[in-house]
């Protein structure tokens, strides 16, 4: 059964130095507050896993939390580069960052295989491209019926999955809705999981019979962090902070502006700083 | 009505789409083109974004691949593993849109790295969905602005496969899809030559010269014998596109 | 785009003699009316595919529609045997029926692989059991990372899928809800598909963002057949005819009682006969 | 309060379940046992039916694995492929219930065929979920009524694997789950012997003799040295079970 913890306790409970962690979110529901807490707690030598590492991983990489990144697209969506990621890869600052690079299809299949407790996934991919030349984890199997050679990827089985969701009920069940990405698979594939939520409700009430729900017994810990996805968004709660994505390009471009921003907005803050993003749209809703 | 190069590119791409198409849409020019088609001549076109939104009908352009607007106006939204397994790999997409940092004469694309992979000069975002979009969609439309840093003689890294080293290379890999059939740029439209699969300019946008196009390309560019002029955007196309952008600006506070 | 047809036209459009067909439904939403129409149209030499062949396949087998059955559990749920299936297998009446037998896990994975356009599926199964000795389609692959040997099954790619669903809208999109089984996968895996529905609505209205919907362009034909799942049920419309499942045991036990029942209830009826099952619960709902 | 053999079997099975268990429930005795546990000492037990219903809390027993009642009272309902991939194979089930037409001394089960597979004497329904339930659940509880046609010396067909030909056979196949740990019958409870994995009677239900049990078994049955008597159902257990059956009869018009 999921335990209700503070965000600080939750990060302590699921994320240790040297662990592999999937902090997933596909534009929607990216767990920014949890990433900030990991920075505050000074996590080191993490293997960061995510299909679309964006600002929160840029921040963690820039603060030296990571030694490895497993990913398929690393950019600031609609804006450009992740400068901290590039500084780590191109210049080894603040430390070398090893890359394990896949395609989206491969990553999605790898999470799916992890959730299904399989050691690998099979898919039709990577035809004619260079990525298999630089990633020895990309291999193949032959179909025992047709002889077709198909691509494989090892299942992702992170030590921890950290996601942000809309609601938990008092029993610790977690409701996802809207663009659900690979978050359910990430939690089911991981050994431990932390879910930050916008709201804790007595029960979910009337809902679609096939609602996307993680039962309490599949989740390690839940922390109530309203606004915790900002500048990503929580459907029905608040909108994406598009301005901040644009602003990040400038903040992250130089090491010193980055460090100053982290000091003022992460190190000297707590999870309650996110509440202000949750408030206005909630009133509007 | 005068128009910009980018408007011409968007309009030219939109015109290629029909009511029967199921499009895998990327952010930026493809999204604008697909929604322009939907709001003009192809109201029944099916738009799919890789975030999982099926048959979506946004009233404003999304800023990201996973905007709430896409989900709110979708028929339904599926998980990302399902999107890549049942929908893309499932062979249900007729047209995939791609762009890239670099393209070569056979419409292979690089969005991974400039310089050696292990010691990059510029680390680009990576392939994302592109490798499998390129192989699993019925055909691929590429939208890119021309320039010698983008249209290059040789790619340092092949992120997504176009026509390889020429005609027949797709078939050799067992690919049954058509690959890139159109490259729509800010200056012209290119198509693979039927004999060689080398990209060939088939139409110049109004007011654009051969020399301008040649100056924006890093290889010696071929032109079709029956080189056409791309019809200029109509007033209606421009109106709808500009209204779409205006609504988008109003909704987001920025242009998409 | 899905075409709206009568049931008779729909069966003609998607199901030809000698075809493979998946008429799926997992207790809920079994397409009985469509099966009756196939019997009326005298379809022959079909390969019937279903995880849980029950009464409707018993009827089709007893009427000589099938030459092959691909399945994982063939019984009358909670009641006992399917006597027509047994008569075909044990005595070759009215014709020999070839069996291709799998487990539920294998069948579910095979539909999933079909929907995903893969030639086969990988799963962890069949450890220590006899089924692989009698079904040569059960093979294996070796994980290219761990060396583990895993079971495989060829993807199911039926010529036709026939399912019953709750609602279609005027554009031909199909809504499933409740126990959804493998119906979505069956339709996506098949070349052609027919969906019988309880109701055609102008639009689906307010719904969960992640509702289970088959877009119109994935469906070949839709036929409006209220009550068309009876004696199976349609969630929110009418309940399962448990009495009929029990009664079937006696009807199907002997060839002549079976033939008489089919004559009176299938051959001399049309799809409108099912409407009476839809009516009462609808009023109650 | 007097009770039937079937009630004793259901109560004995129910007592083995705890609040921490996640059970993959079959129809019939397992469903009654799991729901009895939920309505008595294990209110937080998690029940899953293979039709896709997660954490379901039916007020009446289902007649089929996919009754509407299971869906109406479930936390949520997933597709059948997801059920078998993420939930069963995913290793999330602590206890799977199985029964069968036939069982042997090592708790292997047959639900496929009597006689040769290609020329069957009796064609049984087949394995359904059983082969993978047997291998992927943490442990297996088997509920079956005794009788010499069911408890047989040798199985014509192994539908689901118990302990094979004895101790260590599961490990040889790479299975990390415990397999059948309890067989709960109408007359007694059996457990695999810790040394040999052969099923051994560990407790007789009240009023049942060794001879009765032996008469219901097709092989020479072993009894534990410290053979116990199964505690009789308590008045509360019987009340709750009978109320459950009464509600079920009222709802369905038949007993489940």
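All chains are identified by letter, namely A, B, C and D, in their written order; residue positions are counted from 1 within each chain.
The definition used in the following text is that contacts are C-beta pairs under 8 Å (C-beta built on N, C-alpha and C of every residue); 3 or more make two chains touch, one makes a residue touch a chain.
All figures in this text were calculated on a predicted structure; none of them were measured in a lab.
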Chain pair with the higher count of C-beta pairs in contact (A-B, A-D): A-B
Most remote chain, CA-based centroid, reference being subunit B: D
Rounded Å distance, subunit B centre to subunit C centre (Cα mean): 40
Chain centre separation (subunit A, subunit B; CA means) in Å: 28
Subunit C residues counted as touching two or more neighbouring chains: 112, 116-118, 123-124, 148, 178, 180, 185, 207, 209-212, 235
Residues of subunit D touching at least two other chains: 71, 77, 85, 89
Interchain contacts, given as pairs of chains that touch: A-B, A-C, A-D, B-C, C-D
Subunit C contact footprint on subunit B (complex, rising order): 22, 44, 46, 54-55, 71-72, 74-78, 85-86, 89-92
Complex contact set, residues of subunit B against subunit A: 27-28, 50-53, 63-68, 70-71, 77, 79-81, 83-85, 88-89, 112, 117-118, 120-132, 134-136, 157-161, 164, 169-170, 173-175, 252-254, 256
Residues on subunit C engaged by subunit B in the complex (per definition of touch): 1, 112, 115-118, 173, 185, 188, 207, 209-213, 215, 217-218
List of subunit A residues in touch with subunit C within their complex: 116-120, 122-124, 137, 139-146, 148, 150, 152, 154, 177-178, 180, 207-212, 235
Residue ranges of subunit C in contact with subunit D within the complex: 26-28, 51-52, 71-75, 77-78, 81-82, 85-86, 89-90, 101, 103-105, 108-109, 111-112, 123-131, 134, 148, 178-182, 184-185, 212, 233, 235, 239-240, 242-243, 245-246
